[in-house]
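Multiple structures follow.
First chain A sits with chain B, and in the next complex the same chain sits with chain C.
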Partner chain A sequence: MINPADSSALRKIDLLVMGAGPAGARAALRAKASGLSVVLVDENNDAGGQVWRPLPDGFGRLPGIVAPVEARDGDALRHELRQAGVLCLFGHKVWNVGSNLRTDVISPEGSVSWLPSALLVATGTTERVIPFAGWTAPGVMGLAAATILLKSQNMLPGRRTLVVGCGPLLLAVANGILKAGGEVAAVIDLASRMDWLRTLSALRARPDLLWQGMRWQANLRLAGVPMLYRHGIESVVATQAGFDARVQPVDATGAPVDGAGRVFSVDAVTVGHGLVPGTDVTRLLRARHYYSADIGGWVAESDEMGRTSVPGLFVAGDGAGVAGAAAAGAHGELAALACAHDLGRVSQQNYALERTGLLAQRKQPARFGRAMAGLMALREGAVAAIKPETVVCRCEDVTRAEIDAAAKEGACDLNQLKAWTRCGMGPCQGRTCGDVVGALLALNVGSRESVGYFTGRAPLRPVSLAEVAGQYTYADIPIPKAAPL
Partner chain B sequence: MANSFSGADASLRTDRAVRRGPALQFTVDDQPVDAFAGESVAAALFAVGRRELRQSPRDSAPRGMFCMMGSCQECLVWVGQRQVPACQVPVTAGLAVQTLSFRRQHLD
Partner chain C sequence: MTAIATPLGSTLDYDALVIGGGVMGCSTALHLARGGMRVALVDRGALCREASGVNAGTLTLHMTRAALVPYAMRAWQMWMDSDKWLGMGVLATQAPGLTLAFTPGECELLTLRAQARREQGAPIEIISPERARQIEPGLHPGLLMAGYCEIDGYASAYLTGRAMAYALKNAGVDIFENCPAESIDSGDSGHVVHFAGSQAPLRARRIVLAGGVWIENMLAMLGVQIPIKVLINQLVITERTRPVMRSVLSVANGLLSLKQFANGTVLIGGGWQGDGSRDEGGIEARPQNLVGNMRLAAYAVPALVEARVARVWLGLEAETADALPIIGDVPGVANAYVVGSAHSGYTSGPFMGRIMAQHMLGQTPDLPIFNPARLMGMPMPIA
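Take a look at the complex of A and B:
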């Protein structure tokens, strides 16, 4: 029996799941149903992840309002977790994982350590933003940030907002703003109309989402929102009333081309150039990784069940390669099934049977998700166009020019670059800039494989010494007995 | 601290579909801020036009909330004895939030 009040002992369990989005939550549910002892840890206050983020406590829907599909799916999942009695640790940050999978967690009451037989990392993605002049100004924010404001805070990113980047989030955010009563100055999309049309065959697997996408397009047209395809953002300049944002035509690689630019006067810019799988934990545990631009960049090598190269370490969902929320649930269940199998808790026959079913369940939505991920893949031309004086690493104010200079002086992989320039050494641990810096360095010295990735380091989240030390005092320091003279 | 944005004449809070929690007040650098239960400190400050939360370490350039999901650490503020991303802290009545620069000045 686990006693959450006992912070002294290591808590042994079968499976610890990190991240309570669609992949992690479904994995925890299946593990629980298979009789495993499981805890689900998430730094947010409830399950759902970014895609199914709940309304906060205190918020409610007005009478007669039907919740959007994503809210309904999220509410159903949260209900299921409570019904099943899954032990959920919300508001808990994992700050370190040891090689024996010992997982150190900061809870509101202090640091606690779990010792699971298996660890499933389902930490989703972070957003990639390719730097441009002015992108660090307050009021410029990620598309994902705007989504959170709209979805869970009922708030607009601005009265008049420019929506910039690539992928389906562009349409989702622009529509969210219109629906909430805000103005969209324009949608600036790196992709061309043809790029979107090429995804149609994969979209046919999900007629509901295809229909939603078409409705979103129609809403924007109806509202007279300019849609600038094959355009990118060049700069944002602060003005008395907000920003002047300059956009320019680009080619298929995102590189600027000759042609008329345009300036939009706005009070907010939301920008996102795709999603990058969260690999903090798998890098920390030195799992083998590979680079694949089409699924977001570096991901841990894994079999179709989510087993990585490290025994007992599993990955599932977008953090294992972007494939979307609908595919993530089945992926999480596959990983939980594999975990139950590897711990000898499910028969060979049941394993084979359930595996076949789940793989089939995942196939169609993954096809759709991969098509969307393709639209969000990194464009090298856009990276090459970053100006020398532009800050790339926000934490440490490291500019493109400093990165290029380090490369010329011989920094040939990301960790050398980090040591020389402090790029990626700040409190975000390189999550924000890592993918773009890798691409920049690769422009100088060769392939993404040769420049590698930032080595994973603890703490995964900034923690205070007091949080880690907890109740540990001077008297607790073990003093070895002196050797006999 | 300078407010980097002066055009917040119309509210960013929308009244469509969703009912907010009760109105409350918290403080930032000893100044009262109106908000609603359920909002994050970052969102509540953004809604009243206070976009700049800190300055970057080398260039002293203004920074504010960016990722809203606790990853980028741009919106760090002091709450009690902890530096935390303002996007991860829900507002509560009487909550005392301090910006990094305010805390630094008052330690001197």
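Take a look at the complex of A and C:
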């Protein structure tokens, strides 16, 4: 076993790309083409990320069935990576990154450390759920979780599913359910029809995607699925057959307003209130971040090439601020190009030329993606409406009331709130609740900037002591000299 | 240090202003306020968010410097009673404390160190591996000897700030968070503390420097040079895991602290060093020390190998040239005091604040204080 304690075991490389979704995979391809030594690491079993999710090991597609466009795009990407001979470490979990960019990876064979000259973080997003009564019940799951079930295993979330939240994933998941033979009870959207219409001019930037969206809408209408705009979910109550899910009309901020609610009897609820950029690595490495609700919340500061405030550290794709899968590939390539440039591996002339081309390539899809991101932006009224008894941090069972009480006692930033309530201390380390808790605390004490974000720390994924410690005897433990007596 | 041109007299805001809201600063402020003074407490960040809030919470005599055992024993009781004198607890829990020896060399060290602490009043006895396993069945079979002390346990250090804030507010102490002190003007009648940012200067008859590893910088504001060493301690917490232990564990040389909290999480510490500095704080764990610390923990309690690490972080511990606290008058500056830099400072912290306050209130401290003047001009030994 190679462990990070042994510096001679460090594997040096030009670029390590973390995350093999559209941004990371395209970055690795571009880096390889530019002559960089590159390694692409992902905890999944193959490339594709969430949008082009690979099938599980041992699964295949039935012959004679036309694969959906995303599956075809994903298969093409995976094929291209193999053709190009990109070194891919799938089923590998990055658990720590040092300030020299040393990247500690748990592989199926044990712990390995890489020392890249540059690190590109393309780890995408985490789904946001604004908590409501019953959101932690089994059978209530994220839109992203439903997507995984549908895309990778053709599984339905339930027989009759309520699809709740905001943004384009509502349509994607509802259509996926119909296509897989399930029933959609209704689609409940925080946005109004007008909100959608306002995005039209931006959506025209990608007629193909606009057309896909319109087809999804038409499919749902054809199937007679009710679409409730400007509605949110109030509660999910378990019944003998499944759930009674109560929905209610809301205003533009997501706050409930007077009006007739409706109850849907279902056996599954999929819910997602937007995507939050994954900033675990950039927070760990103390890059500068800024808050922007329209692109998902806190993100690392970066230039158009993905350079962060930390030398050698790059970000690309939705993790750098939500702009959608279609824009992520060019973003990844821009970062790889910048990396090649900064390492002196591409001429100034070629850099300028390729940069111009890629920026142009990214422009229209990013315009489309940003419009979609706007639909998914956090709606403060929905956060303000969380009931006192509702659990917000599901790892540690911390309720809204406990968060408010700590704020009233004087907790004024997110890390202090965490210490006072254990909110964000559980296995997910705040990845699930952090954005909503930040918004809740900001309602009490001021801006999101003053509230801040959870300090980033290792491990980036939980690792067992066995995985870190490896095989050893007592003599292998480098016990330091004794503390003063 | 500039003399103040005009007498402060009637314009004094406070009888005492404490700079540094860790456990010693908070305890000092609280005891001063209860002694009748008008007190303010300022911190550059939030209360107890440095060492006092991020340490391992071990309340042990096994790792306390022998000379500080009498202090730690009194402080231990204060922690156990914290819900009484603070009005809010920190989940202080009594648990048996064991120090483990796995080699003949460690047996010798353990015997020697237990003896020194016993002479200072710590009820530590040397026990057989069989007896140790009766107390803690999950111990490694290779154990040769253990030190045992029933006065041991732990708190959840992250709750310290909340409990202190609650007590301080009830005692009428004014708390100023996110106010970094930038300079201090001192004169015969008192001090004016200036802050970075928008906070207006505060005037007080007395000031107390209670800034942990940053005491060195604070003393420098008064023109006093006392070197303070900075230890960058690594800590590891696991996810909730099945019950694997019920005691607080250390090893003969003190480089392990291990306990499982009621919620099932296991905290691994002991002072393995990470990277960081006084200016930048704790930056990152050193991989070899992280592996070493985890190996030692999983060696002591083999069942721990299955636990998953949820978080690794760092806390800054202060140490003086003689590894004893500084508690007393700032040399050469009237009405200026300093409290801090105790080894295992969290364990003894609340008591150290109490004796600092007793000294300032003109009372006889329960135990002798530690005159900072002894360290003037003393070189810092190489770590």
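Everything below uses one rule, namely that the second predicted complex is superposed on the first by the 466 of 485 C-alpha atoms of A that agree within 3 Å, B and C clash if a C-alpha of one lies under 4 Å from a C-alpha of the other, contacts with A are read in each partner's own complex, and residues count from 1 in each chain.
Here is the rule we go by: contacts are C-beta pairs under 8 Å (C-beta built on N, C-alpha and C of every residue); 3 or more make two chains touch, one makes a residue touch a chain.
Predicted model only: the values in this text are computed from it and were never measured.
Asks: Between chain B (first) and chain C (second), which does A:L62 come into contact with in this model arrangement: first, second, both, or neither?
Replies: Once the two structures are laid over each other on A, A:L62 reaches chain B alone.
Asks: So in the superposed three-chain picture, is A:Q240 touching just chain B, just chain C, both, or none of them (first/second/both/neither)?
Replies: So A:Q240 only meets chain B here.
Asks: On the A-aligned overlay, A:Q50 touches which partner chain: chain B = first, chain C = second, or both, or neither?
Replies: So A:Q50 only meets chain B here.
Asks: Contact-wise, after the overlay, does A:P256 reach chain B, chain C, both or neither (first, second, both, neither)?
Replies: Neither chain B nor chain C is touched by A:P256.
Asks: Is A:G381 touching anything from chain B or chain C once the two structures are fitted on A? First, second, both or neither.
Replies: neither
Asks: Which of the two partners, first being chain B and second being chain C, lies in contact with A:P226: first, second, both, or neither?
Replies: neither
Asks: Scan A:A458 for contacts with chain B and chain C and give back first, second, both or neither.
Replies: After superposing on A, A:A458 lies in contact with chain C but is clear of chain B.
Asks: Touch check for A:S113: first (chain B), second (chain C), both, or neither?
Replies: The second partner, chain C, only.
Asks: Which partner does A:A483 contact after superposing on A: first (chain B), second (chain C), both, neither?
Replies: So A:A483 only meets chain C here.
Asks: Could you give the residue numbers on chain A that contact chain B in one complex and chain C in the other?
Replies: In chain A, positions 426-427, 462, 464, 466 sit in both the chain B and chain C interfaces.
Asks: Flag every residue of chain A that touches chain B in the complex, lowest number first.
Replies: Going by the criterion above, the answer is residues 43-45, 50, 55-62, 65, 126-127, 136-142, 144-145, 148-149, 153-159, 179-182, 238, 240-242, 267, 391, 394-397, 426-428, 431-432, 461-462, 464, 466-467.
Asks: State the interface residues of chain C toward chain A in the complex, per the touch definition above.
Replies: These residues of chain C touch chain A: 46-49, 53, 63, 65-66, 102-103, 109, 113, 116, 142, 158-159, 161-162, 165-166, 169, 175, 177-178, 238-240, 251-255, 271-273, 275, 283-285, 287-292, 294-299, 304-313, 319, 323, 343.
Asks: Please name which positions on chain A make contact with chain C in the complex.
Replies: Going by the criterion above, the answer is residues 3-6, 96, 98-99, 102, 104, 113, 286, 406, 409-413, 415-416, 418-420, 422, 425-427, 429, 455, 457-459, 462-466, 468-470, 472, 474, 476-485.
Asks: Which part of chain B faces chain A closely enough to touch in the complex?
Replies: Residues 4-8, 10, 12-22, 36-40, 43, 46-47, 51-53, 56-59, 61-74, 76, 81-83, 87-88, 90.
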